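In the two complexes that follow, chain A is the common piece, with chain B as its partner first and chain C second.
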Partner chain A sequence: MPNTSILFALDALTGALFLLTAIGVVATRQVLASLQLFILQSLLLTLSAVLLGIAQGSIHLFAVAAITIATKTLLIPWLLRHTVSAEVYRTREIERVLNIPSSLLIAAILIVLAYVVADPLLTVVGLPFDQVNLPLGIAAMFLGAFTIAVRREAVPQLLGLLAVENGVFFAGVAIVPNLPVIAELAAAVDVPVVALVVGMLTRRIHARLGTTAVGRLASLREQ
Partner chain B sequence: MELAALLLVPLLASGFSLLPAGRRFAAPVTLLGSVIVLALAVAVAAEAARSGRVAASGEWLTCDGLGALILLLVAFVGFTAALFSWGYVAESVKHGRQKSVRLYYALYNLFVLSMLAVPLLANVALMWIAVELTTLVSAFLVGFEDTPEALEAAWKYVVLTTLGAVLALLGFLILYWGSRIAGLTPFTWSGLVEAAPNMPPALLWPAFLFILVGFGTKVGLVPMHTWLPDAHSQAPASICALLSGVETTTVLYVILRLFPVVGVAQGLDARPWFVGFGLLSVGIATLLFIHVRDFKRMFAFSTVEHMGIILVAAGLGGADAHLGAAYQMVGHAIAKSFCFFAAGVTVLSVGTQDIASVRGLARSSPLAATALIAGGFAIAGAPPFAVFVSEFVIFKAGLASGQYLIVALLACLVVVAFCAVMFHINRMVFGDAQHEAPAMAVPRSCKVTLALAAIPLVIIGIYVPAPLYDLLKAAASAMGG
Partner chain C sequence: MIALIVYNIIQVAVVVAFAPLVEGVTSRLKEILQSKRGPSIFQPYRDIWKLLHKDEIVSEQSSWIFRATPYIVFAAPIFVALLIPVLTRYPLFFAFMADMLGVGFVFALAGFFACLAAADTANPYGPMGASRTRMVGFLAEPVFIMVFLTISFVAGSTIPYIVQTRWVTPIANFFEPSHILLLMAFLMLILAEDGRIPVDSPSGQFELAMIDRSKSLEYSGRGAALMKWAGAMKFFVLIIVFLNVLVTPWGLADSMDLGSVLLAIPLVLLKVFCFLLLLVYIESSLAKLRLFRITEFIGAAFVISVVAVITRLSEM
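Take a look at the complex of A and B:
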């Protein structure tokens, strides 16, 4: 029987770093840096899945960990580099709707909100790991969605979307340790397809309009 | 066996569409596939109406009355839109883009496949993947015309609806958590209904809200609707018919499926949420109708309105209101796809989507004018069309159960929306013609589509065949009515 308290402490540390990467994706100035933060976040998700897998002896979680490594740290960065032109990654200052201090303030409010949302769920008898993974996963979801709202560039918006997905899985590995087909298929097939479709769309927008500042596109709106 | 064939046929048609076998290959293959799918869907729906439930292939695929209704609607619009595509795509695509035409038909078939899979897949997790795939395979179709506006619409469509689907995923994971606590039941809709009374209400509640908001984004419920008028106005008319006519209804079907699951939980009432989101959607769509400038956008807002009406009907509760909701789904799918075919023909005839610059269509293009008038009356809910009857059934059911305020609000909004739609269409059809010769000839396949799609449009409001009525009854009872 593995020592659960050490695993719990390690998982809590992983969770804290996971949240920091989510905040980093909101605040960073460069496209390349947000991609690297996303890879780091995926590695932390993998680590949490492995820790919970050891604690609960669940083979499913090791499968989730392996799929996360393969798709999110290798396949998706590779896909993005091949569909989106290198010019996009050289963008140093990402155009944004809000400045960084205000964004961080809202991010802090969202994290508190995540704990409020998760609180009733935590009254349900579960594993101690739920207390770490569920609120932090929901916080990462909110921060990812907020990233989409404040970014005007295509690739950072996509990374925000993938961060939301990471948040769902971070919560998911704790609440459903014997994930059946859902997480494994979704992680293995769905996430790379999302990246591929959005990446190809970004390429077409870049080729057609000469920009990837999708937040600036506003010809369609109510008059 | 039919259930597996329903998924296999579009898959094969998609593969064949990619073959580089000349310019005129993909369209007939797609049309043939869609005819087979329609025939199979009619057979499945007839059996579901008779026996209540069809299952096959080791319980992986299943279909009850509500599922069969969605299946039938997707298959029908899948067929008419395939026929419309034949001439429309050939006409609107410039020469030298034959490769993108093949891609269009390949993705068209996959899009129909993913929508057929939503009601068929028994496992709720696999069904989530099918919903997600509807977005991913249709993204290219929305941006098919390659204009800056179309690409902008495709971007918003993919990012927002995928975000919604991921939120819903957390909801489904929580439901799975709950069903594991409640004991080992299969992760299917019937398994969830069985497990729900033993699930902690603290789990059902957030699961319901995450799925309602997440998939509500894809249905186009206000305030998550912002992408919908863009995508539904910029896609090619054939794709708009699928997006507006059946894709929204297919996802709404998933939300309606939740009702029997959460409806039996103690301390949780889903009905005020359905009524609240529904009335808000109808209200905002009605306000936006008045100022709309683009006629395809107008039909898109009408979809938001109809989704709201169906949700209100589901929230009113009771067998009669649910029957009205099921009937409204049929009326919406048939009339809305017809409206977009009419809009497509109008765009071909006048070369613009701007309401203000279209005048005197009755003289310059009688076909487009007639179709717009018929479609407008049908979608706005004039008698004797199906939408009028279904709205009447819903109002009556609401009054019978004493929910006067909701019915009064809904009725006022529906009347305002009716006037706004007819005002805009009236301005386009009558008056002096301002433009000369038609911008493009209307292809024969588009005319045939309009004629074919008009048959159920006219008939279904006056006469509901007995098997269809049984199917509607079965669908209503699956909604928990």
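Take a look at the complex of A and C:
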């Protein structure tokens, strides 16, 4: 059994940075920056999975880490960079529903809410790493959902969805140390396909309308 | 007893003597990073020396505030240097006078007088800079309070000598999420408070875009030298608080003999140099924010410090 207290501290640090990247995905203006933050978040998820894998001696968590590296830091960014035209990444100002200070404040409230929600769950599960991973994972889920709500552009909304997914896994690796690899594999195939589809759709929308502000498409009517 | 007083005076002397050097090194590193040669690292000393030998011109319309301000602004970092751990791990003679909140108050007093003096001259740029500084100041204030709250909450104290040992005993405490988040929030605060990029450009010469620097535009001769020196000292003291109290409380003198206290001087300067490398990297890779974007920058710092409190609460 390796030294658990250092692993626990490192996992807590990873969790804090993970949450910070989730806040960053809510708050950044530039599409490219939020994509890079997403990559960083996935790396932190990998790191947490590795740490938990070492601490609990679980080979499944290393598989989770490997799959996360392969899909979320390499495949999905590559897909998104190649399907969506470069013009989208050059836009420096993402259209958004709320301004940044108010969305940051709402993000802070959501984080508190995540801790409130996670508190009764913690008494049920009772593994040591849950105290870090479960509330932070739920917080990242909330922040990802909030990103989808607050953004109007297609690619940042997709990144919000992927951040929700990251949050689920961040909580999941702590609750279920022996996560069936089939579940993770399914997600690993599923998520790139979602990214690919949204990327292609965005490309079409951009080609037709010259914008990817899909939040405005609600006002279109059929003739 | 005598030794504690002497060390305290050495500590102040270090702050006064090396502050311009820190500023010189910062600007030199920045120029090197931008593929230029840059001025000598001793240039701030020469500037101060030159200004001290020049005539001082004071506007007839200005009041005593304008004349007194350089001395108040110059005294504030010296006073703070009496309180904080610059070289030693144990509290020195004058350290009982105030905690970290006291440090904040002393700097606030200096900032208050600097703003009054800027408004006093009726130079159009002075009051503009003063009001902008106040804007950044009142945005940064709640973040400062949150950061101090978190520090006192985690470490159980606001006295820097107690706080600094909390982070490294045991070493696992260093990796606490609340600690790391606190560091980020405090770093952003230092950038905002000292008028660094992305909040303000310290080397900018364009008066309309100035925030911090336009307050001392009216000063000449000795007043200008004192303001410049005081600015360098404030920067140095903020870095020292950040490094010695919050990030790396290593390399400080443990024992009471003179040798270890003197040995701490190069070690502390080395730490400051490493921090300057990071700072120069931040400053060179970011652009200055538009004025109304500063709220977003400081808002982010606020949320980070709130998250630090929350993660700390959840560990209890």
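Definition applied: the second predicted complex is superposed on the first by the 214 of 223 C-alpha atoms of A that agree within 3 Å, B and C clash if a C-alpha of one lies under 4 Å from a C-alpha of the other, contacts with A are read in each partner's own complex, and residues count from 1 in each chain.
Criterion: a contact is a pair of C-beta atoms (placed from the backbone, for glycine too) under 8 Å apart; a residue touches a chain by one contact, two chains touch by 3 or more.
What you see is a predicted model; the values in this text were computed from it and never measured.
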{"item": "Simultaneous placement of chain C and chain B on chain A, clash or fit", "value": "fit"}
{"item": "Partner chain in contact with A:189 - chain B first, chain C second, else both or neither", "value": "first"}
{"item": "Dominant toucher of chain A (residue count), chain B or chain C", "value": "B"}
{"item": "Partner chain in contact with A:101 - chain B first, chain C second, else both or neither", "value": "second"}
{"item": "Angle at chain A between chain B and chain C, C-alpha centres, nearest 10 degrees", "value": "150"}
{"item": "Touching partner for A:197 - first (chain B), second (chain C), both, neither", "value": "first"}
{"item": "Partner chain(s) touched by A:116 [first = chain B, second = chain C, both, neither]", "value": "neither"}
{"item": "Touched partner set for A:10, first chain B, second chain C, both or neither", "value": "second"}
{"item": "Touching partner for A:154 - first (chain B), second (chain C), both, neither", "value": "first"}
{"item": "Smallest separation in angstrom, by C-alpha atoms, between chain B and chain C in the superposition", "value": "18"}
{"item": "Chain C-contacting residues of chain A that also contact chain B", "value": "none"}
{"item": "Chain B residues touching chain A - in the complex, by the definition given at the top", "value": "123, 125-126, 128-129, 132-133, 136, 139-140, 143, 146, 148-149, 151-156, 158-159, 162-163, 166-167, 169-170, 172-174, 176-177, 180-181, 187, 200, 202-203, 205-206, 229-230, 233-234, 288, 291, 293"}
{"item": "Chain A to chain C touching residues, read off their complex", "value": "5-6, 8-10, 12-13, 15-17, 19-20, 23, 27, 100-101, 104-105, 107-108, 111-112, 115, 131-132, 135-136"}
{"item": "Contact set on chain A toward chain B in their complex", "value": "117, 120-121, 123-125, 137-138, 141, 145, 148, 154, 157-158, 161, 164-165, 168, 171-172, 175-176, 178-183, 185-186, 189-190, 193-194, 197-198, 200-201, 204-205, 208-209, 214, 217, 219-220, 222-223"}
{"item": "Of chain C, residues touching chain A in the complex", "value": "170, 172-178, 180-181, 184, 295-296, 299-300, 302-304, 306-307, 310-311, 313-315"}
